[in-house]
Every structure is written in structure tokens, then in C-alpha cells.
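Right after this note come the structures.
Heads up, the next two complexes both have subunit A, just with different partners, subunit B and then subunit C.
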Partner chain A sequence: MEFIDPNVVDLSRFQFALTALYHFMFVPLTLGLTFMLAAMETVYVVTGRQIYKDMAQFWGKLFGINFAIGVATGITMEFEFGTNWSMYSHFFGDMFGTPLAIEGLMAFFMESTFVGLMFFGWDRLSKQAHLAITYLVALGSNLSALWILIANAGMNMPEGAHFDPETMRMQFESFVNLVFNPDAQAKFVHTSVAGYVSAAMFVMGISAFYLLRGQHRQFAARSFRMAALFGIISTVAVITLGDVLGRLDYEKQPTKIAAIEGLWHTSKPPFEPWILAALPDDAKQENHFEVGVPLVLTPLITHTFDQPITGMHELEDAAGPRIRSGIEAVSALRRYGVTHSDVDLALFTQHEQDMGYGLLAARHAPNQDVTNIPENQIDAVVKATQPDILPNVFVTFWSFRFMVFLSLWFFALFAISAYVSLKRRLEHNKLLLKLCMWSIPLPILATEFGWITAEAGRQPWTVFGWLPTFLSASSHGVSYMVFSLIGFVLLYSVFIAAELYLMFKFARLGPEHDSMEPHAQHDAPKPSAFDMHPTAS
Partner chain B sequence: MTKLLRLAGLAVVLVVSLLFAVFVGDQGPWYFAWVIGTVMIILISGAGAIMLDAQSNLSSDEEI
Partner chain C sequence: MELYAILKIVWAVMLGVLFIGLGTMVGMDMGVGTLLRFVGRNDAERRTALNIIGPHWDGNQVWFILGGGAIFAAFPTLYGTSFSVFYVVMITLLFSMILRPVAFEYRSKADSKMWRASWDWVFLVSGFVPMFIYGAAFGNILEGVGYHFGWTGQYYQDESFLSYLLNPFAILCGLMSVSLSIYQGGAMLMLRADNPIWARARHYAIVGGLFAAILFVAGGIWVQFLPGFVMQAPVNPAMPANPLHGQSVAMVAGGWMHNFHNHPALWVLPLMGVGCMLAGSAMLVAGRTVVAWWLGLGAWAGTIMTVGCAMFPFLMPSSTVPDQSLTVWNSTASEYGLGCMLAVAAIFVPIILSYTSWCYYVMRGKVHTADVVNDTHSY
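Let's turn to the complex of A and B:
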């Protein structure tokens, strides 16, 4: 493998994290709002009441702003794999490229085509046909997320692939295993319903704003009620799938789950506490203080009362023999590349499952090449590599906790809001309405923390157990990386500013067509590119 | 004739749904749960709105 400057690796990671986090400020609303629009339009088609069409059109306009600006941020990421992660693309391209291509071809085209029909088809299509289009947009946007999450699950829990010593890359084995990877399923549902939660909070918060101002009351009450019910069920779903993901991590990514739980030593079931707050110290490999709830951790993670969860120190110890075996695997593979002898191939096959650990050791080998390690240095290299198997515990631990604490807040807020709305006491509860309004950005924040948990927790690997991150980048110069990073920051900040400006502007203006409150119509804004259906209704 | 076609269409949807339920329900239980769950979320939130219509006199200024 080529020598890659560690600074370039760090910059590539930073750039990817930044573009992914920017991108995911837009995605959740797209995933969720489309299904909320479908729900509103369904009620319109079933009841024939104009107000539901007004709702679908107004929230559709806000969806349009988010979609138009957000879509561009995703496209750059797909290219980043090739430009900044060329070693990864070589190694895992077969597996990763397939779902990415399907995402581009099937879901993305489907979504974009139908989005046009959805915006401009109100007067041209029958009610039923338009409703079908809205459902197709919702399906399309969620299916595009599906393929990305299948690809991401492949990196976290590689299924349906094997390493080929001839081509030196992971080769496709089974499409069915790739698609039905349990991690892909759980990730998809968790992320999709996280989008539902985000959209529900968005609609509920803006509706609360109108109710506080006494504007568009009937419109806002219906939007609020639908969003509160949409949100409470989605929050239950996101928590359920979060539990499934934790259980999968326990089975397949023990380092991630140990870091998530700040567990330096193997747990003692059933009394082990679930740590609510702690200060993990990665350098000293300990927690400085801990506040926990006794008895919770074992059933929470293992769904039993007697199975232990392996701690990080024990995982480091267990990695020692795998690193040693991995060094054998990489050395045999190197020799096989030159000799093509059956002996080397047999030796490689014997140690193949540990190859990734051998590659991980390369960081401590002369010229990042394990075949250069002198025999008497192997123990030292193994020892130096052992702590490398752990992710950054502080980041993983806290990003997970922020996500979970926020989900509890969402549960409480949606439950109370749904109850108060069903009792028709919304306007008596100004504080609740204000809380709903201020909570609009929180599900997006939880989503960002979710991605940090998933991605930071997978380190030091890009492909878990197979390919270390520091060997995955491209061999650029530092200045190239800094230049492109600055470009992304500037460009994406402009996108965010534009999104916020337009969202605030159009949300403040309120629905253009409010059949229940014609006297409260806002002064029509000057026609703009985002006026998707100026004459509808 | 239209009725017959509609019936045939619904029958096809039924068969496809059954096949989907059997195959995906077996291979990908969470995918299946997502489909069912999303439909349920849409129906419940829609029902909530219709309930509000039934609860209120649309044009009045009463509490919402």
C-alpha cells in the first residue's frame, strides 16, 4: 500500500464529517415531510375538505425549499469517495458502488421526476393521481436513503462480500445478503423514522408559532394535531430501532458498544449500572466520574440478565493474538503477490479473518509496511497497536447520550402535545406552544449526534475489521485538502444561510391559501423561484 | 367493465402485498415493519385531523 500522510487522513476525515453533517441538516426533513404531505393529502382526498389541500400545499412549499437546497449537498459526497478515499474505493468499491449506483439511478431519478409533478401537477392531475405522485415522492426519497444506509451498513457489518487475494479487494458475493443485512434494515428504519420525528417537530413547531400569534388557527390546529400524532408514534419507533441497533452493535461491533457505554472493564451482570454521565479519559483509559442507574445496563444491551458485555481493556487484550495473526496474513499476502505460491496462499487463508488487524499494525511498522518489522520488534508493534482498536470514547459516549436524552424529550413533548391537542386546550398552554417552537432544531441535532455515534464509534475502521481508516484515504497534498475544505465550508454555509432565510421568510408569511381564514391571508410575497403553485386551489 | 377492472386491479394489489409480506416479512422483518408502520402513522395522524373536524365547528372562534 502507498504511504499516506496522516495529516491528509485527518483532513479527509474532517472534510467528510463536515460535508456529511451539513448534508444531514437537510435530509431528515425530506424523509419525513414527504410522508406528512402524503398524510395531509390523503385526508384531503378522503374528506374533500379544502383546508387539507391548503396544508399539503403550504408545507409542500417549505419542503420544496429544503429539497432544492439540500439535494446539492448530497451529490458532492458521492464524489468525495473517489477523490479523497480512493484506497477505500479500491478496496470496497464493488460493495459500496452497487448500492450507490442503484440509489442514483432508481431512487434519485424517481424522486426528482415525481417532485416536479408534485409541485406543478395540482391543476393538471386528478386528485387521486396527484396523491399517488406524492406517495411516490415520499417513497423515492426514503428509498434513496435506503440504498445509502445499505452501503453504510456494509461498512459497519460487512455482509455479502469476501476478500479476494488476486484482486486485493472485497468482492461481491451476495446481493441478497447485502440488502437484507440486519444492520442495514435497522439503520434504514432508525434513520427514516428519525426523519419523521424531525418533520413532525418542524410542522408542530411552526403551527405552534401561528397559534401563539392567533393566526391561521384552524389550519395550525389541524397541522399541529397531525404532527403531534405523527411524532409520538415515530418517536416510539426511533427508540425501538435504537434498541435494535444497540443490540446489533453488541453482537457485531463490541468496541463500539463498549465505547458507547464507557465500559472500560467487562460488565458484571446483572448489577452493572447504565452510566448516565461520565468523563471518559481516552489517554488514561478510565472514566473520571460516573453517575449511573444500577441494574439497567445488562438487560438494556443484551436483553438478558446474565450475559456480560466485554470491556475495552479486555477487548484490547483479545486483539493481541489477532494483530499477530493479521501481521502473518498481510506478510503472506505480500509474498503471494510476488510468488503466487500455494504455500503463501494457504498461509494467508489461514489468517485471512485477521488481515484487517495486520493492516492496523502497519501504522507502527517501518514505512507503514508490516513486512519490514524485525522479528524482535513484533511484540512491541502488537502492544502499540492494541489501543488503536478503540474509537474515541469521549466523543462516542457523549454523542450517543445526547441522542438518547433528546429522544426522551421528544417523547414527552409529543405525548403532552398530542394529549393537549386531543383535549382541545392548545391555546391555554402557551408554554407548551413555545417549547414546541424552540424544539424545531432538536431532532436534526439528535440526527447529527446519531451519525457521530455511528461513524466515530466505528473507528479505527472504514470497513469494520477489514480496512483501517488511515489506509483508506487518497495520497493528496495537505494544501489541496485545506483548499477544498475551505471551499466546502464557504459553499455549504451559503446553502445553510439561504435555507434558514427562506424557511423563516415563508414560515412567517404563513399559508398563502387558508380557506378557513381568508381575511388572515398574508400579503402575497413577490413571485419567486420557490413559488411552486401560485394559483392553485 | 370498469368495476371488473377495478376488482382485478385490487386483486393484483392483494396478491403482490401477500407475496411482499411473505418474502420481505421473512427476509427483512424491519423493512416490513417500516412499510406497515409508516402506513399506520399516516392513518393515525389523518384520523386525528378528521377527529378534530368532527369535534369542532369549523367557522367558530372556540378553543382549539
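Let's turn to the complex of A and C:
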């Protein structure tokens, strides 16, 4: 009998989380900055005012520094499903691979081909053609996010595929259901708009830095105003779509929503409090203390005043029969692979919907083999498996709260900033400017917490309800994982060091050709060859 | 023939096209990266060389991404198994690949000599290593790979990664792939650069082309003696894609030549490969660079098609449990999935080809060292 080493599964998960979180430090800026660049360039093309071209070129340079690492670390993500999650790829690849391939064909190719022209084509293309290219880059990067999130929605709420005992995997059956998965649509808007929030904060914060130092004032004030308005709209959209996602999880992923809310027992509408802070204890299955706001939880999640939300203890109890039935399904499936008899097939079909729960029991079955559990041990295996259906509550609960608290902070900051900047009183508000500057990394942090909420909350599944994470990993040895992890940590550390060095260097340098401010002082000793193009008047 | 079987064949062909595109376009950029330190003796010359592929490397790299995506979508079991079995090699390939975008974008953004020299070494490594591994992987697959499947479809590895690296036949294939990339990269440099880069690139490209031809012929002779994989009994091409059962496979010395014996017309493919390499080198001697660049594409096409036709229908045979070898018939996506992807590809591939060509058209013409140094958008 062949085993899967639980350490390898944990290391594979750790590596995937590390590389995904790292990748997503750069993606949000790409998603948002491309549209902001397009907006700036549009104003330039329509009004012909040089300052907007300066803006597009300057923020475009910072965009480029960020973009390179986004692309580089994205390659890792596409490889990793194959290198570390072979069973997942085999089991779900028929459907999951399709959106990834379409992402390449429809979006990534477009974005990557035109980004070259966006940087290199200023002199070779007409104003209008260059503007069109910038829009295509923005469209490409956002379409790319769309297809990735369609794929991700397939993991969270599998729609458009069914399990086939002949091929032992999920067979793709409906492109329409794949694309119009409600989770995909809501997640795409939620995530891409979170990117716009990041980009808005980035532009607003760096502009605040110039205003604080009294440099590039016209340039910075315009950039600041544009970013604040872009930011407030985006933040409202992020919060709205976050609410839609919560409602979807309530219907399709009850374990995730219960963990997010730290809800160990089924809620009692309408007075059930929304827990503001608590210390969930996964081992004891209880919260150590709770601070809550009464009346909020039920309408927040269910959008009604009378529907209960199932608690984690009740979900565990309900899983018992499903695990038992799932063990039947897996055993019948294995027999069918040898006999191909109609009897086994019929038995499998009868229990098919619970197959995933049977696979989940593999961890606790003797020799990790659910098809050979002695009759007298089945009860013990089922009982041991029941708590496994829950994600890590502490992590899910707190990452969700950090995300939400941060988004409320962004809402306040953008609203005040937009108001003050429209009143043209920015330079009198040093504290506000400083807060904007220090908030630059926060939206990216909030996005990372969002990913942790969604994907830690999906556990213990890679394909929700069908394939446990534990069985999805490639059967490597620990030494392989150590090799790749050390490599990733070293390489990615070098990347971030180089990235921050250049980002700070060029942000401090500021726009080279600030046409509104002919006497602008630059910190740099001399303009070097790769600074902004000297066509500015 | 059933529709499903036809779709499987179509996607096997598409896989070949992707490999050819990847070899040519990514290989070209990798070749420039490998040659960077040799064709450019000072910073200005190196920047000229970099800016020749500067506007295009990112688009070209998508061939690589798309290769991964297409294998995932059209051959999910092959994707999961091959990437995992070659783990250490694949991760090494990945590390060198992800260094490259950063090198392009960052190299010329700071003035320090150390900074730029370090990134120049990164270009060498990230050009040479991926092309070597690309070729070596084909070598390993021709020899068969040690793996088998458990009843759930989980693969288990039966061989150490060392046997994939320290393997003379794979090293030969890897070097051949590097040679072709140097040929292609050199030809591209000649298209867009003046002397002295032009003359140096010409030198390396000619050597690359001739080396590739020699290694290709040597590899071909070697394959005559390699144990190849042969189907013992006919299989149903429209079978459900599942490598666990349904075929009986034997390892036979010279087995990879069976398809050539049965269909002698296939000999045109290796001849085309060698012919393109030799004719291409001759064209470079004559200074006919455009023709030589396209002959490079022909060389890749000849090589990939030779390997593909020798192995058909095998994609990645197992040397330890040959009956579980992955083939065109047992490792594809479902009929519905393949059909969907075909429709998407039919819409987008022509669009991609047209805008890619347009980008090359916009950026056409020689890249002059003086312009690169004075231009502010350059790498």
C-alpha cells in the first residue's frame, strides 16, 4: 500500500500559499494601475494637455517595475498545479484546465504582447493608437483575472462537471455553468475591484508624499484627486460584492461561513450577535471570549431576519451519515475498477454524492485505505473524520476580520481624501497626507487576508465536497519540498529587495518632465538614459 | 473514426504546434539571453541586444505559459504526472524562467556596474538552463520515465531525479535544443543589429546551426538502439481517458522506429529538420538572415514532428509499468473539454497571430546602439 506523507501535503500547501500570496502582492496593482493609466492617457488624448501624458508615463514606469514580478511569479502558479498537485490536476483538470488555457489565449497573450508596445511604442504609434494599446493591456490583465477566478470558483463551488467512474475524475460537461458560476462572477468583481483599491491607494499615497515635500504639486494634486475618486468608488464596490459572496457561501459553503463567523452552534435569529472579536479554539471547538453586536449577524449573512445559520457542531453531526455513505461509495468504486460489474456501479451511483466524504476518511482509515476498514472500526473512523470537515476556525475567523476592518478604514480614508481634495485644501492637512502615505501597503494586505479567508475557509477540500486536500498533493518526498521551498524563499527575497529598491528610487525621483513645474527640483544628480522621454515641452 | 478519437488526434497535433512555437519564439529569446555576454562586449552593446527582443519577449513567453495551459486543459493527467515526476528538473526550469522577466525590466534601471553585470549573468543562466531542460525532457521521455499509478489515479515515482539529469542521451537532446536556440537568437540579432553585434551573432548562429544538425543526426542513430515502446494489441482510440487499464505495452529495442518502418513517408520529417539546419547555416554565411530565421522554424518543426511521429501514440511511456504509459488515447481531457478548447483556440489563435505580427511590424527595423542609449523607454 502506498502512503501519502502528511508532512509533504503540509509543505505543498505551505509552498502554494507562499507563492500565491507573494504573486498577489503584485497583481492588484497591475489590475488597477492599468485602468488608471488608461484614464490618465484618455484625458491627455482628449484635452491634449501634456501633464496627463507626464502622469501616464510616470505612473507607467512604476507600473512596469511592479508588472515584471507579477508576470514572473504568475508562471510559478501555473506550474505548481502540475508539480505539486498532480492528483488534483488529474481529478479536476478536465474542467479546471480549460479556464486556465483560455486565460492564456484570450487575456495573457493580449496583455503581454501589448505591454511591450505600451512601453516602447510612444514614438512609433499615433496618440490614439497608443491609447488603444493601453486599454488593451488593461482589458487583458482584467480578463486574465476573470478566467483565473472562474477556475477558482470551480474549486469552491464545483459547477459544470460530474464524477465519472470510467475515468475516475470529474468530467467537464457545461461551459455555460463553468463561466456563469455565481461564485465566479461575484469573486471576479470583488477581486479586481480590490485591485483598483490597491492602485488608488498607491497613487494617492505617493502623491501625498510629493505634496508633503512640496514637490510636483500640480502633478501630485491631480493624481491625488483622480486616485481618491477612483478609490472611493472601488471601495464601495468591494464591500458590496463581498456581501454578495457572503450570501453565496451561506448557501453553498456552510462550513466556510460558520468558520468565518466563529459560529459553533446554529444561530438563533433575529438576535444572534455578529462577533466583533473572539478567540476561537479549534481543539476544544469553542470561543474563549466573544465581543458581539446583537441583531447584526442574521441580516448580514442571510439578508433576512428569520433564517438560521447552521453552526459547526451541527454541521459535524450532519456529516456523519455522509462519511459512512461515502465509504460505501469509494469501496464500490474500487471494486468497479476491477470487475466493471453493474452491481458495483449501481451501488456506487447510489452513494456517489457522498464520495468526497468517503475519501476524507482516508486519513483515519487503517493504511489510509477506506476500502478495507474492518466492520468494527467503521464507527471510530467516521467519528474521527467528522471534525475534519471544518476549516481552521482561528485563521478563517481572523483573516476575514482583518480584511473587513481594513476595508472600512479605506472607505473612511478615501471619502475624507476625496472631500478634502475637491475642496482643494489638501496641503493644509498634513496628517491626512501622512495617513495616505502610510496606508499604501494596506489594501494589498487586505487582499491577502481575503485570499486566506476564501481558501483557508475552503478546507479540507481542493474541490469542495469532492476531493480532499490531503489526497490532492503529488507524492513527493520531503527532500524535494525542502529543495523547492529554499529556492523560492531565496529567489523571492531577492525579487522583493530589487523591487522595493527600484520602486523607492523612482518614486523619490518623481516625474522627470513635470511640465507644470519648470523649476522642479530633482533629488537625482542627473537624468539618466532610461528616464522619461524628453518629448515633454 | 469516432469524433472523440479525432479530437484527441487534433489536440496531439496542437500540442506539437505549441512545442514548435515555444522552441522557435521562446528559444529565440533564450538564445539572445545566452549570447548576451558574448555578442555585447560593453554595456551599450548589451543593451542594444536586449532591446532587439525587448518589445517582444513578454509576448513570446506566453507560448511557454500557453504550452503549460494547453497541456493542463487537453492532457490533464499528462500535465500532473509529467510535471510531478520531473519535479526537481521542473522547479529548476521554473526558477530560471522566473528570473528572466525581472532581469529584462530591472537590469538597466540602475547604473551600478555590479547590478548590471549580475543581471547579465542571470540572462545567461535563464537562457541556457530552460532550453537545456526543454531538450533533455524530450530525451528522458524517449527513454521512458519511471512511474506508476495507484487505483485512485495518484501517480507514484519509481526513479530518482538524478537519473533524469545524469543521463547521456538526455544531455545530448538538451545540448541540441540549446544549439537551436543559439541559432535562432543569433539570427534575430542579425536581423535587427548592425556591426559589431551582427558579425558576432552570425558567428555564433552558424556554429549553433551546424552543432544542432550534428547532434540531431547523432541522436537519431542513438534512438535505433534505444528500447522503444510498442502497443501489444490494438486499443480503441475513443476509449475513456484512463491510464489504469485498457492497454498492453512492451519495450522493444529500436521500437521507436516502428512507425517509420510502417510509414516510410515519415522520413521526410527528419530530413526536413537536418536540411533546415544545414541550409539555414548556409544562408547565414550568405547573409540571407530573413530566410535563415524561417529555416530555424523549419528546423524546430522537423525535430518536434520527428519525435512526435516516432512516439505516436505514446506521450510519456512508463519504463517501470509500461502498461500504464500515457498515450494520446488515455490521458486527454473529455470529449466535451477537447471540443470546447478547440472552439476557443479556433477563435483566438488567428487573432493572436495577427496582433503578434502587427507588433513585430510596428517595431520593425534595425535597433541602433546610439538610439538605445538615448531612448528613455529602452531596457
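A few comments on the model shown:
Rule of thumb we're sticking to: the second predicted complex is superposed on the first by the 519 of 537 C-alpha atoms of A that agree within 3 Å, B and C clash if a C-alpha of one lies under 4 Å from a C-alpha of the other, contacts with A are read in each partner's own complex, and residues count from 1 in each chain.
Basically, contacts are C-beta pairs under 8 Å (C-beta built on N, C-alpha and C of every residue); 3 or more make two chains touch, one makes a residue touch a chain.
Since this is a predicted model, take the numbers as computed values, not measurements.
Of the two partner chains, subunit B is the only one that A:A237 touches; subunit C does not reach it.
Legend: residue contacts after superposition of the two complexes on their common chain; A:G82 is shown touching subunit C, with no touch to subunit B.
In the superposition on chain A, contact of A:Y196 is made with subunit B only, not with subunit C. Of the two partner chains, subunit B is the only one touched by A:Q218; subunit C is not.
Of the two partners, subunit B and subunit C, it is C that touches more residues of subunit A.
In the superposition on chain A, A:L491 makes contact with subunit C only, while subunit B stays out of contact range. When the two complexes are overlaid on their common chain A, residue A:M312 makes contact with neither subunit B nor subunit C.
In the overlay built on the shared chain, the residue A:V46 is in contact with subunit B alone; subunit C does not reach it. In the superposed model, A:R124 lies in contact with subunit C only, and not with subunit B.
Put simply, subunit A touches subunit C in their complex at residues 2, 4, 64-65, 67-69, 71-76, 78-79, 81-98, 100-106, 108-110, 112-117, 119-122, 124-125, 164, 166-169, 171-173, 175, 334, 337, 471, 474-476, 480, 483-484, 487, 491, 495, 498, 501-502, 505-506, 528-534. Those residues of subunit C that touch subunit A in the complex are listed here as 54-59, 61-62, 64-66, 68-74, 76-77, 79-84, 87-88, 90-91, 94-95, 97-102, 104-106, 108-111, 150-157, 161, 240-242, 244-245, 333-334, 336-337, 340-341, 344-345, 348-349, 352, 355-356, 359, 362-363, 373-379.
On the side of subunit B, the complex with subunit A involves touching residues 27-31, 33-34, 37-38, 40-42, 44-46, 48-53, 55-56, 58-59, 63-64.
Subunit A contributes residues 35-36, 38-40, 42-43, 46-47, 49, 52, 176, 179-180, 182, 185-186, 188-189, 192-193, 196, 211, 217-218, 220-222, 225-230, 233-234, 237, 241, 244, 418, 421-422, 424-428, 516 to its touches with subunit B in the complex.
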